[in-house]
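Should a chain be cited, it is by its letter among A, B and C, assigned in written order, with residues numbered from 1 in that chain.
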Amino acid sequence: MLRNRLIDGVRRIKPILCGGQSLRSLANGATSKLTTIEVDDRSGIATLSMNLPPVNTLTMELMHDLIDSINQIESNKSRGLILTSSNDKVFSAGLDLNEMLNTDVERLRLFWTRFQDLWLALHLCGLPTAAAINGHSPAAGCVLATACEYRVMLPNLFIGIHATRFSFVISKWMMNSYQSVLPRRIVERALNQGKLFASQEALDVGLVDEIACSKEEALSKCAAFIATFDKTNPVARCLTKRMCREPDVRELLQDRAADLKECVDYVTTPLFQEGLCAHLEGLKKRK
Amino acid sequence: MLRNRLIDGVRRIKPILCGGQSLRSLANGATSKLTTIEVDDRSGIATLSMNLPPVNTLTMELMHDLIDSINQIESNKSRGLILTSSNDKVFSAGLDLNEMLNTDVERLRLFWTRFQDLWLALHLCGLPTAAAINGHSPAAGCVLATACEYRVMLPNLFIGIHATRFSFVISKWMMNSYQSVLPRRIVERALNQGKLFASQEALDVGLVDEIACSKEEALSKCAAFIATFDKTNPVARCLTKRMCREPDVRELLQDRAADLKECVDYVTTPLFQEGLCAHLEGLKKRK
Amino acid sequence: MLRNRLIDGVRRIKPILCGGQSLRSLANGATSKLTTIEVDDRSGIATLSMNLPPVNTLTMELMHDLIDSINQIESNKSRGLILTSSNDKVFSAGLDLNEMLNTDVERLRLFWTRFQDLWLALHLCGLPTAAAINGHSPAAGCVLATACEYRVMLPNLFIGIHATRFSFVISKWMMNSYQSVLPRRIVERALNQGKLFASQEALDVGLVDEIACSKEEALSKCAAFIATFDKTNPVARCLTKRMCREPDVRELLQDRAADLKECVDYVTTPLFQEGLCAHLEGLKKRK
């Protein structure tokens, strides 16, 4: 299995080595509706911005565009990927919870499968990845951030997986994403509490790596992190990253249907539907 | 398997949601010989005290009463469980080592199975759990403390798994319990050394979460920890806790007989019997 | 499987208990060409020195002598093993990369199998082990250090697995060795970057346990660590160590051929051969 992984790794990274498209053409041509890609001609680093007002909710469409953009950046000669938001208040508010409310099961299956796809695309991305977290990053917003290799955050924001506060039980691979960054003891407690960490707390426990004063500084710190790989061989780096992350994705890749079924079974329980309803009512009142 | 876990989780937690017994009646009626349950009417938190003089040795009977009390607290509407000792010098001195000396194999099998049951009951308890460690907590006393979600300890005490000092080789699930709290590097070294941590050392490495000056303060800090779950959905919290802890219990649940056989095989070796004998002689002399 | 491990553990440790050879005779007789064993008559601790000028490159022969020396020390009544270098500039420069350049596949298979054997012998050594790192310790030099239970390093040196800098992708068990010492987040980043830690940085992240001012002080700190096991039963300690380390070696022991095949397949790719060539050219120019 490891060997298959290696060979698969070499195959997946091939486009990076052979891609003939120039960076500039990527920068000009690669704008979908809900995401923007900008490539710095000097550094070769691609900045991928989520751009769905008001709060970058991960809808079916935004997730589609994110996957598409990640694949596009990966198959060109980019030196790294920085994920950020074009909205300075919210990085991403997380999954579109309306997709989980009284939903058609087939639609829910598509929605969850897309989220699995998005996490896999980012978590296993062959390029160096970093998140410039320039706005709040709750729930699936936090999962996207932890799928990157480095996190720089602006002050006075919050980040964390607060699923238990709206009756949701996350999947094991989301826990794995958290645990790839935080110690086990902190992960369990934070998940059980549905804890949202303030920027400084997040720095203290290691959930983010640096605090930056502005989005520009955050992007620049992310670029500096990506530059730490300059002396490495990109294929060896990519295969090493995937070896480190293989335990996180193993169970999901071996049986994606099981994760999907578990999610659908839970989401369709009255317990969750009632909890989610109350949560959405609460959000409306706060507005 | 994950799905079964979820369904099983929902089923196990049912009594918490449906139990009609009032907290007060639990508080009055639920006193077994060797443990005491007190429920705070205001907070709804149950305090479970070990009460077997002189040192809360985990005998067959004390373990029985503990399991019974945990199940009773879990099946009522308690908001959380605090484990403590009615003895201010010793939280628990650990397993009754006399049960391992020249023992009848059938009795040993019952004894070890009960210890497995006790750990499983506490480690997988659906409620928030905390330990108010108001006395020394060596060996299995430490295992009980690490099975809780939070630990508050009084000063000038010691805690740790010092099994190698009396020739014992702990089970893998006891190691998992330690490793759910401490970093891997510290776990291996502490287990190999049979290290007992002083209160302050235990705080420094994260084996305990807070130091309190009195038992009252310890209980109050435990209650404050349990209150951090107030905004979460209890079923989602319970399922999330069990997902985090599932890797710790997987091997034991899949093959309890293997762990039992391994324990019996080791305990009945002359090597262990001689080591235990010398250890018990040493303890007698110290008195 | 656990039970087999225990029984196997007891069997492997037998020579320690039954060995009749006196320590002195081991000290006098046990000098192979490329390693030296010195046993302190007072402490009973064996110091194993790598002694292959100029930089203790792990050649087929040095690895053979190391395995042989570890087995010899383990099967005598030594109280512990300290690994060090007789060269005060380099602890070990790592694997002999020439064995990977344009190599005969059969030779490569022998070479890699020997490296597996060396790591297993040191990682599972029944005695307490410590590394007195008195010189630079890159790549496989670092892997040997992390296979020990304690690391004391001299100042102004570097240590780390910088494989991605010469296009190499390490095996999973080498990652496990790193991860037995460092937190997951630091491991992934350091491996991807091919990071070499300066002594003080290594201390800060926990890759080494102490800094010493001289080789003598390093040896003395290692001896003090080994003395922390004085009150433990050596067999129980050995079995506990192996239980802690079993997850690290499980995959390799279950399928050594798979790891070997993966290594051979990767090393013989043009990608790696070209990367290695460039790296070796670079090293020559720096001289």
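Convention: a contact is a pair of C-beta atoms (placed from the backbone, for glycine too) under 8 Å apart; a residue touches a chain by one contact, two chains touch by 3 or more.
Keep in mind that what you see is a predicted model, and the values were worked out from it rather than measured.
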Practice item. Using just the Cα atoms, superpose subunit A onto subunit B and tell me the rotation angle to the nearest 5°. Key: 120
Exercise for review: Call it same or different for subunit A and subunit C: same when shared residue numbers make up over half of all numbers used at their interface.
Suggested key: different
Review point. Once you find the CA centre of subunit A and the CA centre of subunit C, what distance in Å lies between them?
Key: 37
Point to revise | Overlap residues in subunit A, where contacts from two or more other chains coincide | key: 183
**Study point:** Residues on subunit B engaged by subunit A in the complex (per definition of touch)
**Key:** 2-3, 6-7, 10, 128, 149-150, 179-183, 206, 228-229, 231-233, 235-237, 239-241, 243-245
Exercise for review: Could you pull out which subunit A residues touch subunit B in their complex?
Suggested key: 163-170, 172, 175, 183-185, 187-189, 191-194, 258-259, 261-262, 265-266, 269, 271-272, 275
